[in-house]
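Both of the next two complexes hold chain A, though its partner changes from chain B to chain C.
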Partner chain A sequence: MSTTIKPMITLEEICIEAEKIRLSNPNVGDKIVSDIYANAETIARPAVTKKATEARPWDHKLDDILTSRLFGYPIMLTLLSLIFWITITGANIPSQMIADILFAFQDQLLVWFELAGAPSWLTGVLVLGMYRGLAWVVAVMLPPMAIFFPLFTLLEDLGYLPRVAFNLDNMFKKCHACGKQILTMCMGFGCNAAGIIACRIIDSPRERLIAVLTNNFVPCNGRFPTLIAIATIFMGGMVISELQIAVASLVVTCLVMLGILITFAVSWALSHTILKGEASSLVLELPPYRKPQFGAIFYRSLIDRTTFVLKRAIIMAAPAGAITWILANIYIGELSIVGHLAAWLQPLGYAIGLDGFILLAFILGLPANEIVMPILLMCYLSSGQMLEFESLEELQRILIRNNWTWLTALCTMLFCLLHWPCTTTLLSAYKETGSKKWTFLTFIIPTTIAFTVCFLVAQTARLLHLV
Partner chain B sequence: MNNVLTNIPLSTIGIGSMCQIVSLNLQGLLRRRILDLGMVPGTPVQCIRKSPAGDPVAYMVRDTLIALRREDASQINVNLM
Partner chain C sequence: MTNANTEEHHKLLREHFGITTTPGQFTVALAGNPNVGKSTVFNALTGLHQHTGNWPGKTVDNAQGNFTYLDRSFLMVDLPGTYSILAHTVEEQVARDFICFGKPDATLVVLDATCLERNLNLALQVMEITPRVIVCVNLMDEAEKKDININISFLQKELGVPVVPTAARNGKGLDDLRQKLYEMSTGLCIAAPRQINYSLEVENAIQQLLPKVSRLIGPNLNPRWVALRLLDGDQAFIRSITHFLDFDLNLTSLQEVAV
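Presenting the complex of A and B:
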């Protein structure tokens, strides 16, 4: 025994040595894991008693239905539309109440500003721009969020979401993507930035990138209110009022389905072009169903998510409201700055079924999708003042006065669903991918698709004289 | 008769059948993950259900329900019990 064992000092040396041993015998890793489990079993056997009959029969029965060949997909669809229906129905009245209170306070603010002798431009920027934009965002966004998030968290808490991944994995496999992508998409319903961060759960870097690049095709909570409002006014408005909410929910569900379809198409296209590769493995745990903890659900959905998203919206909406008011009230020649910009964008907007103002609102809404509708309304009212948001009927009057047709409504919804992600989402994509190239693709892929789809829809409808 | 039931891929096991893991032909990260879940040689596994499209399939391993794609399950050899 002439060789002496060198003492290992640093952790690095120990790791190198361990790696050497591991590589010298490929089975040593397996042996270690097997031994750990054997040890654990020896310890657990005398200590843990299991009820022999407790096979959780209702767990299996529930799975038999929820993942069955016959009911698996219809149940997913039904649950999705049910969530939208509850959200739309439930959000109507509180939205109205919040709007009443906030706009009553605005009148009070106007009185105070007048009493204080504030110059009209200051009143304009602060009250008619900033406060009004804020009030709109809160009134329109808070109720749907406060209903939608708890419902979704409930499904999460019950343990249903992994079943959704289980049901849909085969489709993702056909796109050479990962079944867990659907979980990141579910997260995206709340917020696309959160959805992109959730992509960390996907092991394969290639499949993770696909999930990042396509997350924007599920509408986030900032876009839902826009979709819901337009669907309720235009699509629901075509039928008798009793069916209005049902039709609106159906339209929103169809839009979400379209978004999911495009997610599959883009995932497939990416796996066959710039992100070429075979589907890798999937190891998905299906946890037992749990009794939901309502306290935790309310805390997580209302405190963590709702206030987080709302805070972000408020931070973005306040300056955006002020800037929009200024742009709408500074006149160059005959037109305000907003008017000039919209006139310049008009040809492009018209080609894709929108108008210059709508396109401008989407561009100004880049910091946060929530503020697209408020900006649009401010832009439409040439005085730079938003009418009182009294009801959806009022909104409908404003839109129709600005030449909206069903095609404008449809294209606006499609554009809202498919267009570029907000800056927070782009920033998350940059942080997660660490690459300008992938961040740019996160922006350009949805943008191209939005313009293409809206262009095709608008041109087809006009060619067939449907409008 | 015996060769039909021994050393066959996990993916060929029918729903409800019990089997015991013999060996893993998986490589890299997936092999690590499968081992970490306690799917080591000798572990009993029961095939529980198929997803609506027939793939992936859920297996009960150590009281945990784990879904695997057919390609991955076919790399795990088992003996029917």
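Presenting the complex of A and C:
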């Protein structure tokens, strides 16, 4: 071993030849793995005898159903829709209650500020700006999250998520990506920044980058309540009230599905262009089904998440509310600053089915997606007549008064699902990839897709005179 | 036959793996899937004579311990628990590099008797790299509880390497294990491990590469196995082989997309 071998052939030559064989035979890596498994089976089968005392244990039977080719996908879809349905049904009442309490307190605050003789700008910034921004976030965002996350954690605790990874592994493999990407996407439902950090579980740098670049297509808890709110009041509002929730759940499920489809499309495109390569095989052990620990679920997803959301609301929503109020109340000429900005953005916004205000709200919402809806409502409210939020129907009236149609609602939801990630997510992407180039791509890929999809939808709808 | 006494081998272990062996000491690698009682086997064999080390340049801990049997000293290296050694993870790469380049005098693969089929994958992969393999079918007590019966002599005949049934928690089968390790390390026992039968497609690809690989690798490694790794496009392996066998290789043309 100490003598250096002077080979006639270099390793490099052989590697190039191996590469050629690999390219003409792209499944050879998978084939090697499946051959090893087949050999193990051939040896083990006759060596092991099991007394046929009982039939297959119940968990194997359950696995056969949950991961079957026939039922795997329908069961996943049904469960997802069911979760959204429970979330939307359940969120309405607490949402209303929280709104009632918080906005009643806002009136009280206004009275106190008046009694104290505070100047109107101070009342504006603190109460109508900061406090209201915060109240919006808490009332609209908190209830859906407080219901969705315990349900999602329940599925995780039961051991269902690894089965989802198993079902979808094949799809990811077809996109030349790693099956573990689905787990990072599940994290993304909570927070895309967390989802991107979770990409560390993917071992191949190429596949990890694909997962980082596409994580944003899963709606995080900042965007997901926005989708629910719009779906409930707008899409659901178009049909008779009995069907409202069902339609809203269906719309949200379809949007999430669209996000997943786009994830596949982008993963495929990336692994055939700038991130060329093949999927590596992975061994996925399906853990046993467990009895969920309800206490832990309740604590982890409800208490933890509630404090997280409240903290973020205070850090992000309160200042954003103040700034929005200031921008909406400083007039230059006829219009407020918000009015000027919105008017300037109007042509672009209109082209993609939104309006100037919506686009502005998305831009101002860059620090945190939670504040997009509140900013938008504040912009609408300040520019026109002052309205108080009293109910979801009131919200719908505000939107319709600002010329929303079903197309506006659809494009806003699509844009919300697909647009750029928030700054926290971008920062995480920068930390994880350590590269400005990949961070920029994390920003530009969703942005381009959001504009393209919304533009196509809006223009098609208008061309066909559907609006 | 055995390389326990060569100075180069001591140097290799020390420099590449951070393992110090005393003269004449045998090295035994311990591999296995996670949760098969690998640590129990390790502790049962080495007692308290162990310490946890760190692979140079890697953040994977490995425990080392020693024991003496029939007046010969053995250093046992506990590899990370892995399902395979196809090097998809750092752990798998560490385990594989040690078995492949660390040239242990014996590699003990611990299998879970209650799910033998799945565990055999790892054993078969190790048997492709080195003939100095001993298979330990652990958790025999649990298998018995679950009414699973394993035909050990059949398995031994099929695999072509010594197979030792154990219930390490109860200390059952450990003496037999020590005896087999001794026989394997001293060269008293020479195994002829069964090689994996690949499908035609893979076999043809191997045959295309094999002549050149054999000429390049010489007696250092199993050329079939090297050909398979190259066909798998395993970049980590190409780096390892370059690193350990001092091949001069311009890697730039083959690098994965740089981050």
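Methods note: the second predicted complex is superposed on the first by the 403 of 467 C-alpha atoms of A that agree within 3 Å, B and C clash if a C-alpha of one lies under 4 Å from a C-alpha of the other, contacts with A are read in each partner's own complex, and residues count from 1 in each chain.
The criterion applied here is as follows: a contact is a pair of C-beta atoms (placed from the backbone, for glycine too) under 8 Å apart; a residue touches a chain by one contact, two chains touch by 3 or more.
None of these values were measured; they are calculated from a predicted model.
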Chain B versus chain C as contact partner of A:169, first or second or both or neither: first
First (chain B), second (chain C), both or neither touched by A:68: first
Touch count on chain A, higher of chain B and chain C: C
Contacts of A:203 with chain B and chain C, given as first, second, both or neither: both
Partner chain in contact with A:33 - chain B first, chain C second, else both or neither: both
First, second, both or neither for A:286, with chain B first and chain C second: first
Chain B versus chain C as contact partner of A:179, first or second or both or neither: first
Which of chain B and chain C A:274 touches, first, second, both or neither: second
Touching both chain C and chain B, counted on chain A across the two superposed complexes: 29, 33, 37, 203, 280-283, 285
Contact set on chain C toward chain A in their complex: 8, 12, 83-84, 86, 88-90, 116-118, 120-121, 124-125, 146-151, 154-155, 158-159, 194, 196-199, 201-202, 205, 208-209, 212-213, 215-216, 218, 220, 227-228, 230-233, 238, 241-242, 245-250, 253-254, 256-257, 259
Touching residues (chain side chain A, partner chain B) in the complex: 29-30, 33-34, 37, 60, 63-64, 67-69, 72-73, 166-167, 169-171, 173, 179, 203, 279-288
Chain A to chain C touching residues, read off their complex: 1-2, 4-5, 7-19, 21-22, 25, 28-29, 31-33, 35-37, 39-41, 43-51, 53, 203-206, 209, 274-278, 280-283, 285, 433-435, 438
Partner chain A, residues of chain B touching it in the complex: 24, 26, 29-30, 32-38, 40-43, 48-49, 51-56, 58, 64-69, 71-72
